[in-house]
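One structure is given below, encoded as structure tokens.
For reference, chains read A, B, C and D in written order, and residue numbers begin at 1 within each chain.
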Amino acid sequence: MSGAFDLILCLMILGTAGIALFVRDALAAIAFFIAFGNLMGLAWLSLGAVNVALAEIAIGAGVTGILLILARARLLALGDPVHSGDTPTWLWLGAFAACTSFSVLLAATVLSITPESGLDRVVAPLMPGLGIENRVTGVLLAFRAYDTLLESFVLLGALVAVWSLAPARAWPGRPAEPRMADGQMHQVAGASGRVLLPVALVMAAYLVWAGSDLPGGAFQAGTVLAGGLMLAAMGGAIGLPRSDRPLLRAALVLGPLVFLAIGLGGIAAGGFLIYPKGLAKALIVTIEYTLFLSIGVTLALLVAGPPVADSPVPDAGGNG
Amino acid sequence: MNLLGLLVAVPLGFMVAALLLRGSGRWLILAAAPVMAGLALWLALLPPGTTLLVGNWDLPLGILLRADGVARLMVLAGALVIGAIGLHALVDPPGGNDGGAATAETFWPLLYLMWAGANAGFLTTDLFNLYVTLEMVSLAAVALAAMGSLAAALRYFMIAMLGSLAYLLGVALLVANYNTVDVTLLAQVARLDLATVMALGLMTAGLLIKAALFPMHGWLPPAHAAAPAPASALLSAIAVKLGFVILLRLWFEAFPAITGSAALHVLGGLGAAAVIYGSIQAMRQDRLKPLVAYSTVAQVGYLFLAFPLVAGAVEPSSAWAGMTLHGVAHMLAKAAMFLAAGLMLKAAAGDRIADLGGLAQAMPLTVTAFGLAAVSLMGLPPSGGFTAKFLLLSAAIEQGAFLYAGVLVVGGLLAAVYLFRALSACFAPLAGAGPDTASRGPVTGGVKAVAPLALAGLAIVMGFAGTALVDVSAIEVPWATPTVIQPEVAP
Amino acid sequence: MMTFAPLLLVFLPLVAAAVSFALPERLSSWRNAANLGVAFTKLLVVAYLLNATEAGLVFEWRYEFLPDNDLVLRLDKLALLFVTLSVFLWLMTTIYAIAYFDRGPNLSRFFGFFNLCVLAATGVAMSGTAITFFLFYELLTLATWPLVAHKGDDKSLRAGRIYLSYTLAGSVAFLAGILWLQSLVGAIEFAAPPDLTGIPALTLTLIFILCIGGLGVKAAIFPLHGWLPEAMAAPAPVSALLHAVAVVKAGAFGIVRMIYDVYGIGTVADLGLGLPLAALASVTILYGSVRALMQTDLKKRLAYSTVSQVSYIILGASLIGPYAVIGGLVHLVHQGIMKITLFMCAGALANRMGIKAIADLDGAGRLMPVTMAAFSVGALGMIGLPPVAGFISKWYLGIGALQSDAAWVVAVLAGSSLLNAAYFLPLLYRAWLLPPPADRPAIRELATTRDRMLILPAAVTALVSLGAGIFASLPFSPLAWVTLIAEGGYLR
Amino acid sequence: MELLAPEPVSAGHIYAVTGAILTALGFYAFIVRRHALRQLLAVNVVGAGVFLILGGLGRGPDAIDPMPQALVITGIVVAVALTAFGAAMIVRLAEAPRSPDQGKAGKPDA
């Protein structure tokens, strides 16, 4: 990787970020944000972090982008033009000065640290015991599985938090239908959703499978599944489920619950989250598959938002 | 067998169960409260030096859970407080009005999420793991705050996000600089360089937002005041404490050699300012819940006022105990006060303090709970608040830190001013309803007052268990490890 | 019994308090029975303890409530003096309060807090360490507030607010003083006074000022007395409690403890702190009397009289001579008995005849002879006429002053007695010698038992204050007991 | 930059410095862009900057350490979870601004 490429990429990242942050029009801002996310993915690739690149493009750019687009569309429909008001001069001057000095200070700090590969030395010898190749998966689901366990509950908790916003008569209803402004687009999305959903499922499953040894993993795969589900829902191929459907609830908690159960089962093997010898890979793969399913459904519902009072779509089947 | 993980896993299990049981999930608290109280009590009684390497992965990589004094006290108090709040929410459900059904159901998983997050945060020594737990707690906290006022919750959310990111940035710098984020390891390798100072500064700034220390407190009063009573109680008792505990880990354990006395006095000064400012604001409120919320701003101030006192003490244990016990006493008393205030406002004519007239007759038990909680918050004996203040004041006088001593003393008086204002309003005759206050029968059955009364009672009883609590708080205090007492090593 | 006796004394009022809080409003007879029963039981316990203590036993209970800070309840002779006083007056006030309120509102609450007050007063008396003392002293503040604000009208709430602002500020100063001293000498035990050598005189003086200032609020030393007249808004039994049983006494008692058991008379003398305090007490005595003279409201006049009288105790303590100490300490008892008589009478007059202003007293003696007789005994005692108990106090104070070469104190005593006479005698004159006005409303008819219960306590305390004067030389009289205390250690 | 580092600035450093600038840019935009949705976007940019610092500094001779990678993935997931909640709140607030008074439980008449 040549230094020039890195430099140009970084400049582009900064440029897109600048536009995303400061352009007047909200839609343009979001578009540039998605572009920014994809460039970030490239940066991660260039850094040699394929796992992160996948996550960044799928989640950082993809899901976050869709979230912002949907939110803007809903705000527009409610009569909020999404214009930020004028900033007082003193404020932006002050903020500018503060942030400039902050960035200089931070850059100096960053440069004062020598990048080194310290922990890889620790991780590498431990990998054979797990029976998988992907070291990032090893860290995520073994060495720091505790972080990941808690994180899966953060995701679940975020959905609960979104649901808690449901208005009085809407509970336990369906989320608002993610509308496509354009009729034709709607049909395209519907058709492609029908086709793409199975494809997405297969792709996602592959990503999980690959995640043991190659880059990939539950989160990236879950995002792909969520993307498929959302696209299908946008086109009306599937209806969004009521939030109290038992099957839905089961799908949501499956991954975290299995993870938790395996962690507690570890107590029998000596302590919380200990994988018994020889079973590590099997357990990790189990966790990954269940987690991927739950993450996919959770992310899709997170994008859909809280239930609304009168959802026009009849119950045409659910997901999960 | 080491069961430290259960303190996190069990509430998570209850969260899942609550989600699966949907509407009837609320009854789970009947099991959760005793189970968690039992676990927490077991934790408090463990022999010193109990730790757990999660998954048995060694340190620079793995995550260490440790039952030190702070963790024991906080987890135990948290279990009692959250358990009581949960039981209270059975009889006084949080979703009374708009958004009722969704609020009533989602309250429970959020409660368990916060419980797990708080316990995880109190127990872990890993700074990145602390980031995840911080987000667990913040997420639940914002959602709970949104049950009252969305606008306030959104404001809280935004500022909390910034705080989290500042904290995460600090963690990132530490990872790069030391290849570890474990507090116990950092304590051994910490050196004074730009990255460390920057990281510490960023993390501190982020955490001060979460702990709502003046002047980063702006989000707290509207969010805490508007939420339904059980949610307010959780926010004030639990949510702000985690940031404080992480700061303890950073300032006294990981980087004691780097946090110079000037920096400590900045924190102490902010704490003192918070005490005075929060109290004055509380005095100016004419509605009850904002008053109680501003009291939290003031009480958080004491926690940070204690920082320079701990660092400057010859024998830091007693100041340390004063600081931790203050946190615990505040948890109990403030939760009790918010629950009581919620009941009082439901019975009162309006939400102003002037509307509280007649309540001393109508709901004596609830007003008593409010009063007992007030006693602890004012630092009057016998109460946990007094024990804490006694220890802190002793430390301040011993060191000749008369400014801090003065703030401790004046803060207690100011608290008395605003809390007794609310209390004496309860003694006034029923506002605008003629002389027949007596005809107004008790409006709450005894059941509703049980939880606030129990919590306030615990805050009082704490005042008699001082020695035992001080002993617990001293388990694995940072300066017990020799690395910390060493003077700073030149980088 | 040896260790648990002090605990029992604290526990008994707690039982009464718990029962009172728990019983619903309408079960008034149960509540009354419980209160009287417990008060009476406690009196019996105290009688036993008096006997045992006189034989030289010391009861002590100890609990480590914070590291190096013990909660100590210790029954020495001085403690028992105050305990006996408060227990006896508690019984009287309970009887009186039952009759006074009859079936008024919020009595569960009233009796609950009332018992907590007595608990606190007992605790203050028995405290063996400074921190224990502070604990109960604060409890007293808190438990008294709902009583002062009991009526819930604007005036009572205002009185409660003023009471709290004075007393809480006082306690804070006191706490700061204790902690400062503790940071220098470690935990302060009254039984083993700390060694103060080597501490700068200025520091000691400042600590002394903080502590006495803090305690002086409750003892109503000028200029910290402002809350006491305001607190007259409270019902009569509460006034009795404030003025005689618990509150002002706790302050005065604390000052005695500070001078004799913390600093020690030697140190106080060396620092030259006795004289200023005596002077302040003298100013308070005269000031209170003058203000009392200016009042037209009966209870207010009595209140200012308390301001004046309590400072006799402080005067006695600060003069640092054997007779002065005895005079001061014995006045702790005598003032309590006499002042409670006056307040109970004033309450009965207000309750039954609506008499509040002094001008309404005309002819009251004829209509309520027993009440007015008791009142007269109390008033004469306050002036210091023999054979009422007040005479003993003043006599010993006077001799003590001469012993301590402070002849000016005698002038203060004489002046104060003249002022006392000036504000009490006109009352007696009006009550006994002037005819009742024609338009006086009739006496409110009460049930016979209630009527008797309203008068009986005052009559008993009046008799006791006579007895304490007449039989002062007998064993177990207040004077004899105080002499025992003084011989036991305060005459070093 | 060459002056600060002993050897020519590594690729890791370039990205880390980019991350630092992104962070500051995001903070600045957060302050001056007052609309909540734009602030949410700004927060995400700050997050991306922080992750880039984490990654850039965690880069060894040929690739990033697995541990910082894992931390970044965790961070990204947490960020998206919170962003979703934030976006939902912003929309709900525009839909039905619940005032603090309405939030008072059990007082439908207030």
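Note that a residue touches a chain if its C-beta (ideal position, glycine included) is under 8 Å from a C-beta of that chain, and two chains touch if they have at least 3 such contacts.
Nothing here was measured: the structure is a model prediction, and the numbers come from that model.
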### Query
Of all chain pairs, which one counts the most C-beta contacts?
A-D
#### Entry: Centrality ranking, top chain (CA atoms only)
B
### Task
Would you mind pulling out the distance in Å between where the CA atoms of chain B average out and where those of chain D do?
26
### Query
Whole-Å distance, chain B centre to chain C centre, using C-alpha means?
42
### Task
Just give me the whole-number Å value for how far the CA centre of chain A lies from that of chain C.
73
### Task
Averaged over CA atoms, how far is the centre of chain A from the centre of chain B? Could you give it in whole Å?
31
### Task
Hunt down the residues of chain B that sit against at least two other chains at once, touch-wise.
61, 97-99, 128, 132, 135, 139, 142-143, 146-147, 150, 169, 173, 176
### chain A, residues touching no fewer than two other chains
106, 108-110, 112-113, 115-116, 118-119, 123, 139, 143-144, 147, 151, 154, 157-158, 161, 165, 167, 306
#### Entry: Pairs of chains in contact (touch as defined earlier), listed by label
A-B, A-D, B-C, B-D
#### Entry: Touching residues (chain side chain B, partner chain A) in the complex
1-6, 8-9, 12-13, 15-16, 19-20, 22-23, 52-58, 60-63, 97-103, 105-107, 109-110, 113, 116-117, 120, 128-129, 132-133, 135-136, 139-140, 142-143, 146-147, 150, 169, 173, 176-177, 179, 193-195, 198
### Task
Using the touch definition up top, name the residues of chain D that touch chain A in the complex.
1, 4-5, 9-29, 31-35, 37-38, 40-42, 44-45, 48, 51-53, 55-74, 76-85, 87-92, 94-96
### Query
Touching chain D in the complex: which residues of chain B?
61, 94-99, 128, 131-132, 135, 139, 142-143, 146-154, 157-158, 161-162, 165, 168-169, 172-173, 175-176, 222, 225-229, 342, 345-346, 350-351
### Query
Okay, in this complex, where on chain C does chain B touch?
63-67, 69, 105-106, 108-109, 131, 134-135, 138-139, 141-142, 145-146, 149, 152-154, 156-157, 160-161, 164-165, 168-169, 171-172, 175-176, 179-180, 182-183
### Query
Of all residues in chain B, which touch chain C in the complex?
318, 360-361, 364, 375, 380-382, 386-387, 390-391, 393-394, 397-398, 405, 409, 412-413, 416-417, 420, 424, 427-429, 437-438, 463-464, 466-467, 470-471
